[in-house]
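The next part holds the structures, each set out as structure tokens.
Here chain A shows up in two complexes: once beside chain B, once beside chain C.
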Partner chain A sequence: MQNAAWLPVAFEIVLIVGALTVLMVAVVMDRNRKVWGPVAGFTFLLAGAVGVLQWMDVADGGGGMFFSAPGLEITKSPMVVMDGYSAFAAIVLGLVGFTGFLGSWDLVTKIGKRSAEFVTLSLLAFAGLHMMVASPNLLVIFVGLETASISFYILAGFVRDDINAEESSLKYFMLGSLASALFLYGVALTFGATGSLTIYGANSIRYFFSLNLITEPGILLVGMALMLIGLFFKISAAPFHQWAPDVYQGAPSGAVGLMAAGVKVAGFAAFGRIFIGGLLSQIDAWGPIVAVIAAVSMVIGTTMALVQTDMRRLLAYSGVAQAGYLLTALLAGADAIPGMWFYVSTYAFMIVGTFAIVSAVSGPGSTSAPMSDYKGLVRRSPELGWLLAILMFGMSGMPFFAGFVGKVLAFIAAGSVGYIWLVILGTLTTVIGLAFYLKVVATVFASDGDAGEVLEPSLSTRFAVVISATITVVFGIVPWILIDVVRDALPF
Partner chain B sequence: MTVTITWYLLLAAALFSIGVGGVLIRRNALVMFMSIELMLNSVNLTFVALSKELGLIEGQVAALFVMVVAAAEVTVGLAIIIAIFRRRVSANVDELAEMKG
Partner chain C sequence: MTEYLWLLVALPLLGAALNLFFGKKIGEPLSGWIAFALVGIGWGVAVMPTLAFITGTASPETIYLFSWIPIVGADIAILWDPLSALLTMIVTGVGALIHLYSIGYMHGDERYPRFFAYLNLFIASMMILVLASNYAVMFIGWELVGLSSYLLISFWFTKPTAAAAGKKAFIVNRIGDWGFLVALMMIFAAFGTFDFGVIFSSAPAVLTTAAATAITLLLFLGATGKSAQIPLYIWLPDAMEGPTPVSALIHAATMVTAGVFMMSRSAVLFELAPISGGVVATVGAATALLAAVIAVTQMDIKKVLAYSTISQLGYMVLAVGAGAYTAGVFHLTTHAFFKALLFLGAGSVIHAMANEQDMRKMGGLRKVMPITFITMTVAWLAIAGIFPFSGFWSKDEVLAAVFEKGGPWMILWIVGVLAALLTAFYMTRLYVMTFLGKPRWAEDTHPHESPLTMGIPLMVLAVFATVAGLFNTPARLTFEHFLEPSFALLEHAEPVELGLLIALATFTVAVAIAGIVWAWLRYRGEELPVEEGGFWKAGLNAFGVDDFYGKVVVAPGKKISEWFSDTVDPKGIDGVTHGLANGVRSSGEGMRQLQSGQVRSYAGGIAVAGVLLIVALVAFGGGF
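Entry: the complex of A and B
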């Protein structure tokens, strides 16, 4: 544990330097996409590689707490923590960012002269997302959350000439800011109750609870509830999901893929860091709330998805249901972390790949995706049709696809701590959910009617979709490869 | 009559509640936006009051961070509202109902 080290913050440094490089190159080299495009893609890959370096360093015992205020001991108030948890998040965020970037390339080429700003903002957003995971300080987590959220508000409204994009941008901004403010008030009240903003180390929140075994002051309960509500908003758990369908529908497809995947990964990781890392001793207070929200999300997400006629709204409600399954995983405390990681990392790739397909089929800047666009897709573009079917199977939780393993791990975790009713409900909604996922597959394979002209997806879209479909299939057939890895991806 | 920390915390809670109410009830985008700023500033008041009470500097540092974040949010939020206002010459959020379901 030393006070100055580069590796723990290397992910953020790489992404921010990459973002500034893209911006500068775009100004100097006359906005030539062929120059800064590879720079941006390489930055995401390099960030993922940094995650691998962090992972190896942690395995060698190099992890720990870093960067306290000047003159303070390192354990007094660390600002950055490097453990298996943050290293795994770096790997996932780097690769998801890269895949999402490939998926959004069609949009980037379409928006013309402002395209460098789009890429810069997505790089900055991912730096913020990793800050949420890699910091043990609630205030830094908030700053990371806002860095990511503010970037995504802009990305959601990036196609400025479209009325739906503006609407989705404003809705995302209003409800997102409300959620951030609620989260922040929760941080302030938790600070008041425990006298600390830090999760680990001396004088930390965890240390406070190890001393005061019976304390459960009301101010802390209110603080925890507000932090929970703020995070529920971000991960679009029902009943805090109202923004999700409009934003998923109205924002340009490329931006939605990045946003949906990135926020889910970082939101759940931050949830695990704060509530399992710091407030695990209070699980009796927050566990039942999370269980109820998980149940409501599964039910509302599944039933609303059944009646959607727009592909993107369907994906949004499917995301609400997935948030419910993921929350189920977190109920088991520290044992639940590997299951949560498996589920959220594979789901992130599935949603990124699906939105790459949506971008190719309905148009990269489109702000709606009626189901009729997808009718007979397999005849217009056999590869996109089949890959979309694979991704839908993956999300629905069919055996031999990654979503199935994720759900099983989540339900085992919840069952092991006695939430049997939740497991039964989850299984039921999974079965009901098959209806709308299979409806999409049936639409794609529909053989009646005129399919329309042949669709030739761009090379970047193909890459993005193939990466995500490969992950869905490989980790569905041989899940233990990833399970062995996430077993070590724990916060300390 | 002495003013204790409870007063500050209650004032902050009241301001925060007014802010939440404003976001949920008012229909003008600018007023909703001001309500969000009110919420953030009431959090600042909470942080500073607790910082004084607990004798910890962290709370005051937190207030500074929140101000910077709020400033960034203002920039983006106003830009979005202006973009919408240019098209519709109205800042009423009820008119923004193209998407449903």
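Entry: the complex of A and C
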């Protein structure tokens, strides 16, 4: 089965080859954006297509675990798995990457000479993100996490001449390193407690728990807590969210959508892989903590979003609240995965689409997006105005938009395992949250005052936004299409 | 015939889209006629299937349209039974008349097509709510109704009071919506589906009394928002800032009945929770009385009608609480006719008086506005409960049902009778001050009768306000039989004995006549009685409930905010809406202080939160 052994890592290979191609084209062909732009876009699409191939292979009974050193019993732990879970992640990451890349194209054309590096880093970051999902080995997950994070630290500060971008990049880097370190320490302690770094296979964490009853779980608990902190940071769950508003605001608009969406997808997927795939037997210990963090995120995200006057900070806090809803979904253990996938995959497109609009309205390299920019947007560009309204409806959880179905699935999952208080709180913050999403819509449709000049978005921006809005609407009206798919997107 | 019922939702939606996108090109008055025609066609589509229920040739059915979220039992389907048929007839029928009326009333408005787009959107939302076959879709209709109501109340948004009223209605309704939403979650947790059919047939087996009580009380909280009951009624009087046809359509005939409809739909659940029934009935009776008292003191003609609506809704809620769903829905039906008529009549008066709403500056209008005068006379007698007008039959049935239950319910019956007395009093007060006596107009007003597009709806409604009650006289229980299939899962109460019924009816009519005579004696004179004492002042201010909410709801919120930070907006308290918003906002502002932007403090935050998390996890997980 030599061929099959390539398929599980084909996603990463495609992206890395694509990244190298872009670099080489940029060197050889005098940094001709017209050539490597399509190369990068094609690479993302090809990666998504690889995801589809993986999906079909898994459906045909393929897939499985792949080992680093066949024959060596002592290290017989898989480094890569190919299951419905990683295949679905590949499809989503490929398409989100493609859409996000379209949305960031305005920025790419603006930064001129250094733009090849920007594209290369985006491609590499997504390779890292998928590695977080496709590996059952905690250390490889960490490597994927760092590959993605370091790329994003640089992307956040890419507009070097802007002091805000510089600051946000540095802040993101320092706090992100702290979180990574904590995560790594958590991995170490978990290894100490279970004697394993891997989730599946012989000598795995799961195998360990199936044999042993831990009577003194202290080391394990601290290990889990530290891994949780690292992941909470990445998905910007409160109170580990404080970097998010500054980075969302400080980084160039064109880059934020790509970063935010990618990290959310991979962060939650990794969370599901580690804590539901590997540590499900310990859910009585980590479940209540996750519930509390979910509650805190929903409350802090919603209340803080209410008082924001900058579009991007508002979106950052909205992201904190959304992280809370997503964590709510994960409380149901193994049954939670389909709901989590539905929510995070549709939400990722909403982020990408919204930031494509922010980039078009406030300028791709801008580091702030005051609400006043959006006043009367529908008169400047009816297209963007309406699409932004659709995306806001989607995020707020209006019925017949994808966000609603995601929330319903999340609350049902949490309710089914008895977290009724969390569901009640979640509905309450959803209701309050409507206020700030509708405030954006009202601002967009405001008919008083001077609208300003007509805004003609670029073709790539249009594509990105239309794709996201279409997904938001289609999966809001006929969600069962996606629900039927994610039902099979399960980890081993 | 029923296969075309989806048009009931699709047609108004189409009209809304047409007027929203091409309104400027269609122009006035064509956009109004299009909107009217689409609602009218909807009514036409529903007539035959409704008649089939009356003749007994049809049985309830679910018309499946398409699949939405099947795993939670939320599919797009129409539940077509007598209850939804009745509401459909009211919404499209009264709705069409009000569209017709608005064609004249909104003449010359800058955003004329937009108004009809919103009206059509409202009708579509209401149809989604009424025709839903599961709670999820019903909730969507419920929310859309709230949204379109908000758009219509604040239609004249350049007027600050209108914008504020819209906001208030929206926020107060959200409190109720939250209750509804939580109830839905609990229903789902218990049944694993939102589908009405499954829920109602398995409810007695699945729900404990405690669960049923919790669910129904939360549903009732939702109903108090939409149907303007204590404690959430405060938005309705302010909602009168919208154009008068809106007040008639939404805040009298249709939207406010959504809560009563929803509770009737959930009758099976309420049957399982006797405590909830008591709470619902008590709140209904208390609302009926309180709103009637306030109505007595109001000077603004529309405010009187607004409080009167709240009071009448109280009767419906009282009926539902007493388990007399048919009586509640019956009163809903007759009320839709006479209250729409009252509002349109008042609108006609306001139109004629050049936007004067103060009744002290009216009087003697009977001569200049004959059509309005005659139709308003009918409405006045109907709401006062005089035989044989429609209000008599339905109000009487509600009170009889409460009387029949005996025991502590007698107190509620007395409250209901008192409210009936006051109803007759304040309606006569309105009638006399507006139409009878000598003119008290300002010098430069020249009242005139309204155009025919406004006159015809008045006449049609007057006919219905007269005869609608005859559908369900004790001698001929058409209505009761008609609705039977909708409440098939309930145990049927014995009909009240005819002799007792006549005795009760005679008594309530006597009470109503007493109220009329009392008011007539008081207001017939040349000079209006001076109404400035403590009671009148307090009543005019609605007994300060709004200020009370401002203090009780807002003040604690402010305390919390201050705990977060010293920089609280000192102008926080002005009314419950502002207060609520500011309360949340200020706590947010407080937290913003923590967001200093310094890496050190962020890292410190992560450290503190991290340590707490570790400690908590270790504590939960069983320690070292």
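A few notes on this one:
Just so we're on the same page, the second predicted complex is superposed on the first by the 480 of 492 C-alpha atoms of A that agree within 3 Å, B and C clash if a C-alpha of one lies under 4 Å from a C-alpha of the other, contacts with A are read in each partner's own complex, and residues count from 1 in each chain.
As a convention for this text, contacts are C-beta pairs under 8 Å (C-beta built on N, C-alpha and C of every residue); 3 or more make two chains touch, one makes a residue touch a chain.
Keep in mind it's a predicted model, so treat the numbers as computed, not measured.
In the superposition on chain A, A:G157 contacts chain B only, with no contact to chain C. In the superposed model, A:V485 makes contact with neither chain B nor chain C.
Once the two complexes are overlaid on the shared chain, A:V52 sits clear of chain B and of chain C alike. Number of chain A residues touched is higher for C, counting chain B against chain C. Of the two partner chains placed around the shared chain by superposition, neither chain B nor chain C is touched by A:A446. Of the two partner chains placed by superposition, chain B and chain C are both touched by A:D246.
Shared-chain residue A:S169: touches chain B; no touch with chain C.
Once chain A of one complex is fitted onto chain A of the other, the partner contacts of A:L178 extend to both chain B and chain C.
Once the two complexes are overlaid on the shared chain, A:I412 sits against chain C while remaining clear of chain B. Residues 170-171, 174, 178, 182, 245-246, 307 of chain A are contacted both by chain B in one complex and by chain C in the other.
For chain A in complex with chain C, the residues that touch the partner chain are 170-171, 174-175, 178-179, 182, 216-218, 220-222, 224-226, 228-229, 233, 239-240, 242-243, 245-246, 282, 284-286, 288-289, 292-293, 300, 303-304, 306-307, 398-400, 405, 408, 411-412, 415-416, 420, 423-424, 427-428, 430-432, 434-435, 477-480, 483.
Interface residues of chain B facing chain A in the complex, by the touch rule stated above, are 9, 16, 19-20, 23, 29, 32-33, 36, 39-40, 42-43, 46-47, 50, 53-54, 56, 58-59, 61-62, 65-66, 69, 72-73, 76-77, 80-81, 83-84, 87, 93, 96-99, 101.
Note for the complex: chain C touches chain A at residues 67-72, 136, 139-140, 143, 174, 177-178, 181-182, 185-186, 188-189, 581, 584-585, 587-589, 591-592, 594-595, 597, 599, 602-603, 605-606, 609-610, 613-614, 616-618, 620-624. Interface residues of chain A facing chain B in the complex, by the touch rule stated above, are 77, 139, 142-143, 146, 150, 153-154, 157, 160, 163-164, 166-171, 173-174, 177-178, 180-182, 184-185, 187-189, 191-192, 195-197, 245-246, 249-250, 307-310, 313, 368.
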